[in-house]
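Mind looking over this structure? Questions follow.
Per-chain residue numbering starts at 1, and chain names A, B and C are given in the order in which the chains are listed.
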Amino acid sequence: MMHQVHPVRMYLTIFAVLIILTFTTVFVAELDLGPWNVFVALAIAAIKATLVILFFMHVMESSSLTKLFVVAGLMWLGLLFGLTFNDYMSRTWSALGKWW
Amino acid sequence: MAANTEVVEHGPELRHHFEQPDQQYQAATLGMWTFLLTEIMFFGGLFAAYAIYRAAYPDAFASTSQYMDVIVGGVNTAVLICSSLTMALAVRSGQLGQRNAVILFTIATMILGAVFLGVKAYEYHHKWVEHLVPGFNWHYEDSRYAHHAQILFFLYFVMTGMHAIHMIVGEGLLLSLVIMAWRKKFTSLWSTPIEIVGLYWHFVDIVWIFLFPLLYLIGKHKL
Amino acid sequence: MSTLVETPRTGAEINYLNADYGWKSWLFTTDHKRIAMLYLISITGFFFVGGFFAFLMRMELLTPRGDLVQADTYNKFFTMHGIMMIFFFLIPSIPATLGNFLVPIMIGARDLAFPKINLLSWYIYITGGLFALGAVVAGGVDTGWTFYTPFSTTYSNTYVMAAALGVFISGFSSILTGLNFVVTIHKMRAPGMTWHRMPLFIWSHYATSIIQILGTPVVAITILLVAAERIFHVGVFDPAVGGDPILFQHLFWFYSHPAVYIMILPGMGVISELVTCFSRKRIFGYTVVAYSSIAIAVIGFLVWGHHMFTTGQSMYAGLVFSALSFLVAVPSAIKVFNWTATMYRGSVSFDAPMLYVFGFIGLFTIGGLTGLFLAASAVDVHLQDTYFVVAHFHYVMVGGMVMAYLGGIHFWWPKMTGRMYPEAWAKFAALVVFVGFNLTFFPQFMAGYLGMPRRYHAYAEEFQVYNVLSSAGASILGAGYLIPMVYLVWSLWFGKRAPANPWGAVGLEWMIPSPPPTLNFDKTPVVTWEAYQYHEPDRPEVEVGR
């Protein structure tokens, strides 16, 4: 029925990791990594989100159906981004040229 | 031949159209997850707009970072992460039937959420004072980027505003949890509302986890 | 042998309609069947509002000159027609009426997973409708139902905010209905009701719900951005600050294309139920039809750019969207083949619901094929924004969806109301609708192909003959829609009382009384048979009610 009860220590550990990652992302933003800044920032955010999803939202021990729903949501977000970017990234390929 | 499901111990919370409490619990959590899917797509549209314009106007977007207070934003991020911890602990206390702990952790979550909103209100006021509200009160110092920076600040207000609205709704939901817990509605057998409000709260936290780097940490460095 | 009830019920029997009286028992009900009836009445109201605007448009288009109304007023007509018909009629139509009524019963449940959210969904729908009607009464909107920027954000002086708010609010009604259906279908199926034993009506509603859940929020945020831009006087779609109006179109059509599948999939589910019953035969290729519904829902999210071939997206993106649009036609075509194969060597009868099935299959095929013409981007350059597009979508939505809706209403009318409608009148009305529909919309293919643009209140002289034919057809079509209104209402008081299973159909809904009791089943059924067991001489019996 309900998920197993986890020790408080588990939640505190995840919390600590999230705080450390927050410091990390602020720190890294100060460095000049050129185009990698945004990727690192997004990667760290993705890791934080994953930790919240798996442990705070208990998806780790949820049913396959719940996991499927989470994956489906992310996939659909990907479809929105992917096919829209497909247009913007290819605007310069043809005579249309840059609109911006 | 008919199915008479075996009699199951349950409290008054089992609705008549469900056969088993477990079925009702699974339906409730699946329902909240389905709702969160709609929220992913809702915010997703805003993130898509952001991504396209940042790619188009990297310099203008980078120029806006000087007006974003990273310390304030970072502290607010930490506050929200703390609130996620207290929320998760409230859910855990609900699973254990610990009424007082549920109330304390939920109120703690509410307080942390209110701190977040207060800081946000302070930031909004600051933006107004600095003439960084598109349409209403806009004056951008760097005239090269005055137009395109408006897009970023428009998105800033819409995205953080939407997030704040969701936080306020969350505060209302948390309050209803406090009231329910106070009235001793929750037992170790049934604390579903705490869990599903928890899912909602964590989701709102995740949205901010992405908003923070994208709005505050664009940095002095171009894309 | 059969324990299926055949004798009519007397009025003394308690059913969902007479279980409780008074307006409070209706406006505060959580019974999915009563909520379905509330939707049925309100949706019909919005249908006639939208139809009224269509009538006004067709009156203006009788003559080439813009002589009935000004251009701005005509713009308001087609905008309100589109908004009413799409958001307040077609999108809720089958799911909110037949779906709400039948989904729990067909899977052996007592109600949907969230009955109160179901009622909330209706109130949200009404609220959104009131905002939209308010926009109409206050003076109208002229942006087109598509709200393209920058006209809707910057230049339109009409009641854009009210209309946009109405659409925004009604979107939540759609989301909640979809959410309810998804959870119900996953968690409330009776014992033995496996996924592959469910009626195809359920599969199509599941697919519809996927789209409602994942698509609607995107148009919600898009409308919000338009509203914000009107308030801020600057925004992300504003070219003056470097915004791209095409981004609006991307975000808008990301929902609005899958929305057309929200509109048609439930109709396809109805057709699967009707074609099996009136051919006395199980569906040909159950699994394929079931998964084609899911395929339509998924692939339908990948094709939205075919609305934007000529508006400014890159040619490469156009190429990708064009190819994907060809792909999405495949599962729809598969369904048409399977329905036809179901009829082959079946024992086909021509009751009124079946007449609507024939109409659907033929007209949907024409509409679908003309969609392929439009999917070819080179052809679309010529046909975009002409009456060819108008004819295409009316063939699928009116020739397809509305026919399926009427067929379903007739088919399940005895179940929902306990009354039979007059069959002769129903057959007559179906024929009038079919004739009126084709006379209205086929000339529009021709006018469009020859170059007549859409959304214009005046046109070149050479198109007049097509427009006169079309307007004549529209009056016949209107009459065809009014006739069932009259006899269906008449039947509520004077129609023959219906037995539990007047059609001899197979399905859990036909095993309970007409009208059903509030909790549907006395005992939860245990399902041990496959769907559509028309070929079995000893059809399944189960003790599910009185």
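A few comments on the model shown:
In the analysis below, a contact is a pair of C-beta atoms (placed from the backbone, for glycine too) under 8 Å apart; a residue touches a chain by one contact, two chains touch by 3 or more.
Keep in mind that what you see is a predicted model, and the values were worked out from it rather than measured.
A centroid comparison over C-alpha atoms places C as the chain most distant from subunit B.
Each of A-C and A-B has its own count of C-beta contacts, and the greater count is at A-B.
Subunit C has its Cα centroid 36 Å from the Cα centroid of subunit A. Computed from the mean C-alpha positions, the centre of subunit A lies at a distance of 15 Å from the centre of subunit B. Multi-chain contact residues of subunit B, defined as those touching 2 or more other chains: 26, 30, 34, 37, 41, 44-45, 48, 52, 56-57.
Among the residues of subunit C, those in touch with two or more other chains are 186, 214, 218, 242, 244, 247, 251, 254. Shown for subunit A are the residues that touch two or more other chains, namely 65, 72-73, 76, 80, 84, 88, 100.
Subunit B makes touch with subunit A in their complex at residues 21-22, 25-26, 29-30, 33-34, 36-37, 40-41, 44-45, 47-48, 51-52, 55-57, 70, 74, 77-78, 81-82, 84-85, 87-89, 92, 95-96, 191, 195, 198-199, 202-203, 205-206, 209-210, 212-214, 217, 219-223. Contact residues on subunit A toward subunit B in their complex (touch as defined above): 1-3, 5-6, 8, 11-12, 14-15, 18-19, 22-23, 25-26, 29-30, 32-35, 37-38, 41-42, 44-45, 48-49, 52-53, 55-57, 62-63, 65-66, 69-70, 72-74, 76-77, 80-81, 84-85, 88, 100.
On the side of subunit A, the complex with subunit C involves touching residues 65, 72-73, 76, 79-80, 83-84, 86-88, 90-91, 93-94, 96, 99-100. The residues of subunit B lying in touch with subunit C in their complex are 1-5, 15-19, 23, 26-27, 30-31, 34-35, 37-39, 41-46, 48-49, 52-53, 56-57, 134-136, 138, 147-148, 150-151, 154-155, 158, 162.
Within the complex, the subunit C residues that touch subunit B are 104, 109-115, 175, 179-180, 182-184, 186-188, 190-191, 213-218, 220-222, 224-225, 228, 231-236, 240-244, 247, 251, 254, 519, 523-526, 542-544.
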